[in-house]
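Every chain is named by a letter (A, B, C, D and E) in the order it is written, and numbering of its residues begins at 1.
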């Protein structure tokens, strides 16, 4: 699964942009919000990728580490060599998902959850997020005002002049089927759909590997989802 | 009331203002040569214990300078005192004594119940 | 009655002293472990009792060892100790003769000339002469002691101990005893003519100014000085005079310190006379370290103010132990203090995973220090290849420490963990022999490991055997070789001859002044945790400069630590015994090589 | 006879003065053209030289004495902006069209200091307690003490290495070479006047190339308790109490690190002189990719520009320390002599 | 390629189009501050008399999907190309982007196309195949805040209120928070660059307030895409927000202004959550520091009704701020439904009950 891993890594144009030659100064880690919170050091990621050491890179692909980045790109601004650890991370994450390595780490497996929410929202609604998906029970941090909005969604949005789930332009309008169709076609043509399938595929394999199967021996993805939420 | 147990605000950042210098000052009082450490890692490379586990002498020095008392007390017991680090050190730091002093101070802290 | 009062100060002192003595001796003996007590009892019944008595006589009274080392100092100590002893002994015999009885009051001999004013008993003239002679003998010692205090160089001593108040009182009263006795007896001789050549002469010198009152006063002062001395004695270094006797019995019973303090520590501490011989021999002084020598450690243990800075600033080279006239086990004692001071230190070696033991006939344990001298490792590999034995190089990759450095740092419990782990692996190999090339490891394997029937062989012994068995043939290059005795091998393990025998095969071994028991420490010692690198360099240079006088081609060592230390000196070529041997091995003939090859098939894979 | 030949030297800094003195002593006619009213250049602002705390004033005074003694014609307040070769001779002119003629030219116009305001995230010019290494030298020279903007003694001082050097963000990707040792020297100076202060150096690599530079580093650690933290400073921000919050990574540990200090000193690097570009216009003098004057080759011909007869001395070529600059100028002078000898017909 | 930039950022100004904008909406803004986008269009159309086109057909740019790594770069490029195609179709050349994530993504893609023309060709090809569409690259791409910044003085001229405490006459202290993707990736795409971006501070100044610098001004709010979106990772988010609040606390700001839809919501919500967990509020009493978007603030000073702007959708109560600047509003109408109909009220507002 990792044959030509280095080659695949280097063909991503983003890596050409993101990694010149790192001089290990640590300016990226200094401002990194992920380093603030996780056992995470973007400098060492850049150094590992720069080393082109197969073992190190495979370790990264299978680790939680690459999933710690919050993609704020603060690292980009300060780098004295114009590198961007955040973008290196994007490349690694893509590779991790293409190879299935992401299912080997707890943080990596979460990609399935994101696919199920954000991915689903994009394809079915044309939005990354929709108010109905921000359920107060799973988002207690949204607070009592959001709960009130959620419970009185129609009225609250209307009062501020939004066009919630209605035809025509405006805030939070419904994206009509022609546009959704175009969106879906773009996903099919540009490889987005294939990528979704890949994430699904490896997640199912993982579910089976973990013994989460239904009576037909198929992966029980509901169970897997519950497992990921608890993990 | 909402359950926020899933949220644990924390910071890994080293905050120099909350620097625990109890160990460092003690070590420097009796082993001034430690001040000259350049974190070259020669000690770690030769370390007998480091050969067997993730014990890292360079980091011991670093933690000492950063006041990481807790980490030091977890890690310091792994040292075998073989003395190779001291022989290797390009700055001639008496690392064995540094380790001994750390152990001493930690044992003092424990009896004084000063441990964090 | 007033006359008799002169004995009161003396008596009070004596009673006080006796009480303290009985208390202390009882406490010390009771404090010994059951086994040690048994040992002591048995030794009293055996020949050792006589040995101890002899030793007490030879050392406690004659100070034979000091005499050998420094005759002037020996005479000083002897005149004081033996002279005083004889004064008491002859004095008693004199009293017995005078009273014609064996049972006489013990104090009478002390104040005999005061109470016995006549000279009308048998041999009285002889006795008074003898007593005067002995007093002169003792006084000569006192004079020397005073001189030594102020002009130590006259006694060939570079350093002498510093005094504390208790010692000072005792010292002054001791110094006063004999001059006052001389004065008092001279007074009596003046009044009663009961003196001999010394006291009479002094008595005559006083002439008519003598009186009963003056006589009484001087005898009283004499009594006071004795009393003072006795009272000061338990809190001064003179406590050693009596403690040493007990110590000799205890030591000769085979009692040793077992990694923790017990009353044997106290016995040793109180046995130290603070003669200061350990100061002169301690190399640390060369580097300007002057407060960490054994005498100070003993004193500070007694005063309970021992600091880590003193305790751990010692090379553990053992030179002080060799020289100690009392025979105190300074190294054991110091290590025990280190153990006591580090009891609270934690250690955890859970990472010492079970590396599976490899079955072999012979195990080679290189040790940490040897890993820093790869020349020794490759030489040992060559030697093993030639020996044709089935050798397992135990710490080739995953190399745990032997535990000795931890021991030296006092962390006995931590060391035990390493020892436990290594023992398991060693026993798992089913080997008959364990070969080590580092004296530091050798010592701990010999002393602290329980390896059953496994023989622990130092590489010099092993190489010597191979040479004897004609497995290794070496050329004698006639190079001038000095052999440096490593502290951990020589003084503490008594291995002097094997390395020399090996070296004699390859070159010309030059004897040097400072060798064997008096050999230098290289300065690299792991035993010292406080010494700075600059100070180590001073010690090393001291040794190297001494060796360089003999113009050696090679300085041979049998210790990787010594090698590493000496190697930092640019002017001397240092090699380990194993390296010297492999350098001088005669090239085997073709035939032999093929023979060897078939024989050593397995090992070539391992070591080449 | 080359004795009648005329040499013009642009720049009356230490390199220009040394070259001028050497040439004049050989009997040549030398004109030293300085843009300021005094010679000595940027060294005039300096307090002490590394690594032995030598006085720069002595250096300048000796050079001035040397030039005066050997009869150098020093022209002040003149900034050459144009060099042209006319009829085998060089014509140098300034903005006011003052003209000088010579048979050979030495460009010794020196360097420019990095403008620390370009490194916005370090807050120079924004926060009062951020100063540069040059400000520090001036302060030491004029007042001999270091105070915060609030006029208190700083308790904690941070010295930041590589400001405007080795940084694509400021366009300077080269190493200025002298800053590391300057930082250590200044740290020691601060410790001498403020013995109770904590001093931190934030560095990427310590490039201590000179003899005794490393021993000064050791000395700083041992005797002056200077702490060295390996991590490039990311940003400086002012706190409510006007102290400064610094963010870096403790790269040896791999953890972000925050420290509050009272004063920050930025070790600013050397940049190519502003006039370097002007000189390339009317002749074949070229500059390298960093903007410094380009020698024919940097190994054997460092003093010869790519134009025959125009020579280079000192920091127009690359960042240099004082002693190197002077030696380099001396070498340039001999290059000029051999050029004139060769072309005497 | 190493860029040898010697830009003096304090003197740097980016180009912002004058008129005729094609509006590109933000997913998060529409979700959490729907009134703000409505106000933005209104300000441009009614107050500034500009032409802005709101096309019903445009969709998400998939930026959140891209940064959560489920949407490949190629797909996002094509999705954005489709937005451009709609713009081209309507005859517009200037984009007005509402979302900071989108803004970053658009810029990243424009830069990629410049640097790697083969990527542009590939995207054209994909879009053509998928939708039959073609597109032109916009002449100008501005964020909503850029446009408000450009016309800040015109807005000030028309304003009913100033960011001044009407009781004391002192300017209000306002801290700004710039969304990371506004200028961290491409400093030259932001007004005044990145370190001291002027886009919000000069708005504050123009409207009478006093911008306040604080140490963690540039620190990320902590959204972190997957770090917030997956519940078990949310400690990352709250930890980083807390870092900001702790740092701004000593300066006692009257409000926070943001230009990013995500930051706006998070800085509002995390104050509530932190108060619940740690019992600490940063705004004094039980309330937090109110958080406004630039459109909301512009709308407020222009006299828009706070409840039409959607300020009731904030967890932190805005009323103390409204009182400070003297905005007239009807507290009774805060939580009413359509046509003034009574609906429930939230359990409580502010940070602590």
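Note that a contact is a pair of C-beta atoms (placed from the backbone, for glycine too) under 8 Å apart; a residue touches a chain by one contact, two chains touch by 3 or more.
Fair warning: this is a prediction, and the values are worked out from it, not measured in the lab.
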| item | value |
| --- | --- |
| Chains touching both subunit B and subunit D | A, E |
| Shortest contact path, subunit A to subunit C, counted in steps | 2 |
| Chain separated most widely from subunit E, comparing mean CA positions | C |
| Geometric centre: closest chain by C-alpha means | B |
| Most widely separated chain from subunit A, with each centre as the mean of CA atoms | C |
| Pair of chains joined by the greatest number of C-beta pairs in contact | A-E |
| Euclidean distance of C-alpha centroids - subunit C vs subunit D, Å | 65 |
| Averaged-CA centre spacing for the pair subunit E and subunit C, given as whole angstrom | 83 |
| Whole-Å separation of chain centres (CA-atom averages), subunit B against subunit E | 45 |
| Residue list for subunit D, restricted to those that touch at least two other chains | 121, 168-169, 230, 235, 250, 255-257 |
| Junction residues of subunit B - those touching two or more other chains | 2, 4, 7, 10-13, 33 |
| For subunit C, residues that touch 2 or more chains besides their own | none |
| In contact (per the touch rule at the top): chain pairs | A-B, A-D, A-E, B-C, B-D, B-E, D-E |
| Residue ranges of subunit D touching subunit E (in the complex, touch as defined) | 117-118, 120-121, 126, 168-171, 173, 235, 237-241, 245 |
| Contacting residues of subunit E [partner subunit A, same complex] | 2-3, 25, 27-28, 30-31, 34-35, 37-38, 54-60, 62-65, 67-75, 77-79, 82, 104, 112, 115-116, 119, 126-127, 129-131, 133, 180-181, 183-185, 187, 194-195, 218-220, 222-227, 229-236, 238-240, 243, 269-270, 272-273, 307-310, 312-315, 335-338, 341, 343-349 |
| Residues on subunit B engaged by subunit E in the complex (per definition of touch) | 1-2, 4, 6-11 |
| Of all residues in subunit E, those that touch subunit D in their complex | 2-10, 193, 195-196, 213-218, 247, 250-251 |
| Contact set on subunit B toward subunit C in their complex | 30, 33, 46, 48-49, 51-53, 55, 73, 76-84, 87-88, 92, 94, 96-97, 100, 103-104, 106-107, 110-111 |
